[in-house]
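Multiple structures are listed underneath, in structure tokens.
What follows is subunit A paired twice: with subunit B in the first complex and subunit C in the second.
And now, the complex of A and B:
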């Protein structure tokens, strides 16, 4: 096997010293109506300290389930494979030890901050909580909370500490959620569609905030999103998921300028552009399959313009892109490689 | 495109008052027109007044003042007969195909419902033929007639919703964020379908959206609302090439472009907020 030029793109094996989050062959199974359904199928992903990786996919791709599985947020999910955070194995770790890591080592912001904030507690108390849990005195924790809120551009942070979530707008609530996520100085921030419900201008502001805050603190970010515009301005590297599997993984410039997987290519061609004229959007036929009823072989084959016999029968494995710039799981590319 | 406007809104005002609070201007002297056979985009963020404007046009809400002319008739205070014509000739497609279609109804009854109510004289066979024709024009087929909408994906449901509108042979289609709940790959299908419907049936469309890229792609003219005020309107090409209002410039600058090189440059050119 040819070694990749970029070690963090290698799937499997032991953690390279430069990865802060190292996911190897992670599968997530959930029970639905008495049937076990594999939502995420053997996903491998490595994130270097301070790196920004976007996990892109459409509904049913398993991207959010992956994020929640890393954080171990779904009790009903069965995980196999390995998730290492700074060398520490998380799969199978007792919940009590997970609780100590959440917020401190890695944390998460969600699409809808209203659902994660407690309506009955003041903003200040909620931001201070990750520190309070770790035994920091109330006074010091509140002081740190105020500083964090201030650093996220909240005007008059001192007074706002005593406010309740309902008194904040959508963009301000996302700042509060971000303050809670960052106050204990985690190494990895997982952002699950953090700007999806927000207006255009607020979306831009929140995204910049995450960008700046992560950069200043050296936090690695895993951004979960369906928005290819958001990804373009934010990510260093992009992993594309389709129907529970990672189908492509490459640096952002490479992925956008020369997508290797037909799905990635189709996705990019389907996005309307603000900055150029397009006669017709290139629409992929059909829709992605639900996790419980995935097509055989490559799950994308019914929608793929290049589908061959082998695509219907055999699951393509992730291997290096022909240009060595990343990974792709597509029989067509493997054939080009061996031809 | 002819000069005549099928829908013409002028001087529209709408205020809401809550006891003890100053009146809120939801719409402040808003004008808008949809020329026959063309697509007018209506953009703005939440609270801009887009929804209030649509509600006024549809007659769900009575404006404080102003006129809403459809095919020359002022609909504010119009007769029952005029409203009956309006309800037949103006159809709507909503944002969420999950909540706008009754999941228990079959495709045949969903798409045929308008015909059943508006043209009760139509035979069942004739109605079915029209429903099938509408389904085929949106890429569905006769075999889908007995299926319930709950068994369809989001994109297919939006096709059903479009067939449900198209079957009435409307002159004006009002689309309220019709693709914002859909996946990117499916969104492109529906945008292309709307474009094709518009050409095929010579439809006029009022297209409400927050996604500027979709609007740029689909609309001939565009109107921009901010806090109930119309801050800009004109041919889409001109508005995007040289936006006049500060708000429009802000919206365009804040909308990300799916190209890393371009998008990083756009972000670097913007002062930090």
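And now, the complex of A and C:
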């Protein structure tokens, strides 16, 4: 089961590096009203070439900040730790060299596909832009843009190149955003809530599109989402974040069948199901811990049904899950181990 | 209007929605009258001198102070010159100068806003404070001071007004840029490897041009007034130039006996100022339907 869950992890081979994106102890600190707040706390995450990893958590858990920190898009954020892209350290890299990597080595698809497109420029111009920035001639760039759009299943791509964003539906706009993200052939695609602004039926189509496009091009995907329902058919592996820390990391089917962290369990219970008769929606009690006022010990303890004395006092560290299939940060599991 | 222009027009305000291409009939009628009036004024400025029935500079003291009538529709002035002909010829001077001032101040204002944004930090702050200082002084007083320092002439008045007007555009464009900098498409462009320069000139400035255009259109009316005022006081266009403000000044002494010499250019100034002010309003409503009319 473990083998089938992450075939790409095993199939990395010796020539290729075993991880395309290697995040180690990444902390992101931002200044808010004169106070330094650590939004992301010692996050480690490794993504193999071509692997799809989902980073899941509630709003405010730090998942989007993590995405922006990887691309170094927020100038006001202070990063510590290490982010290696294909062996290249990004933390502390000069902006000019970061710029050369953005788009070409890794790129991003954002939440709101209308507002991430410039309303005044044609679709074709915008898709060609990442190539134009890199000195490709206008003719070649537009040709590549048309091919990319066409490969993403946009009917009559040639004609649609001259359209403006407002003429497109939400799903179509996200295709355009995806074309922009993929045209310079990056190795890693970060998708930050790419389907949240879309309606449910379009969501699935866009997700499948990202899936196919990434598979075709061998692009690794980091999917940021709050919706575990979206993750199931897409990711190889899931990392769960709570209040700036990674609390669980496991192959997708392991995580779904036997969640180890009480928070993951709560998240899974809260996914609405269409195939079962549900009288009420299940909700987790309490509210997510704000990064500025994080509870002591395990940040989840005020909401945790199994909270113990030790949870209030000591921060649980990530350790191997009892079944060795992944990692979890919970005192309950450590105690099971030693018992 | 071509479809492309319409697309850009509507695309400029995604929140404005797709409702009504040209708006309801009543609004269309109003906008049409305003645009028609402005076009008429511009045509007058361009060709008025050629169409003038008489020589605007021909002095004939025997024909002085003739009241408006079939021979001279707007009468003659103290030197016997035909007021209508002078008005038509003067349109070129007054309106073209106002257009040149508004466009120059607009372009300079946008460029300085862009450079300030690129420089960032204290330089950005310094430019904005300079704008605040200039804006704190009434444009007429500032232009008057500069024009006097440069020596009274139409050119001095034009330069003085450009100096007095650009900070308004810079201020408004810079604040719009600041808002647009936060737009997701800027972050998206950066995530594709766009440089700061690229972000400012290809994404932020084009999306801030609507406020610059509206502001420039609004300012033409005021500029016409100030330019005429400067000429009226004597630091702008000099006699015998048929600039409207100078014409009104010429007739000042005879206003009780020969009112038309002053009233005709005065009315022309008023019509032009109102027409361009309304043009600003029309553009404002078209670019930002959500903000409505001022």
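Please note the rule applied: the second predicted complex is superposed on the first by the 317 of 339 C-alpha atoms of A that agree within 3 Å, B and C clash if a C-alpha of one lies under 4 Å from a C-alpha of the other, contacts with A are read in each partner's own complex, and residues count from 1 in each chain.
Note that in this section contacts are C-beta pairs under 8 Å (C-beta built on N, C-alpha and C of every residue); 3 or more make two chains touch, one makes a residue touch a chain.
Computed from a predicted model, the values in this text were never measured in an experiment.
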Touching partner for A:166 - first (subunit B), second (subunit C), both, neither: second
Greater residue coverage of subunit A in the superposed arrangement, subunit B or subunit C: B
Partner chain(s) touched by A:268 [first = subunit B, second = subunit C, both, neither]: first
Contacts of A:184 with subunit B and subunit C, given as first, second, both or neither: second
Touching partner for A:226 - first (subunit B), second (subunit C), both, neither: first
Which of subunit B and subunit C A:100 touches, first, second, both or neither: second
Subunit B versus subunit C as contact partner of A:114, first or second or both or neither: second
Shared subunit A surface residues [contacts with subunit B and with subunit C]: none
Sites on subunit A touched by subunit C in the complex: 68, 71, 73, 99-104, 107-108, 110-112, 114-121, 129-130, 133-134, 164-167, 177, 180-181, 184
Subunit A-facing residues of subunit B, complex: 45-46, 153-156, 183-189, 191-192, 195, 210-214, 216-217, 240, 250-252, 254-264, 266-267, 272-273
Sites on subunit A touched by subunit B in the complex: 58-59, 153, 199-205, 208, 212, 226-233, 235, 252-253, 256, 266-268, 270-275, 278, 280-285, 287-288, 303
Contact footprint of subunit A on subunit C as seen in their complex: 7-8, 10-14, 18, 183-185, 187-195, 198, 202-203, 206-207
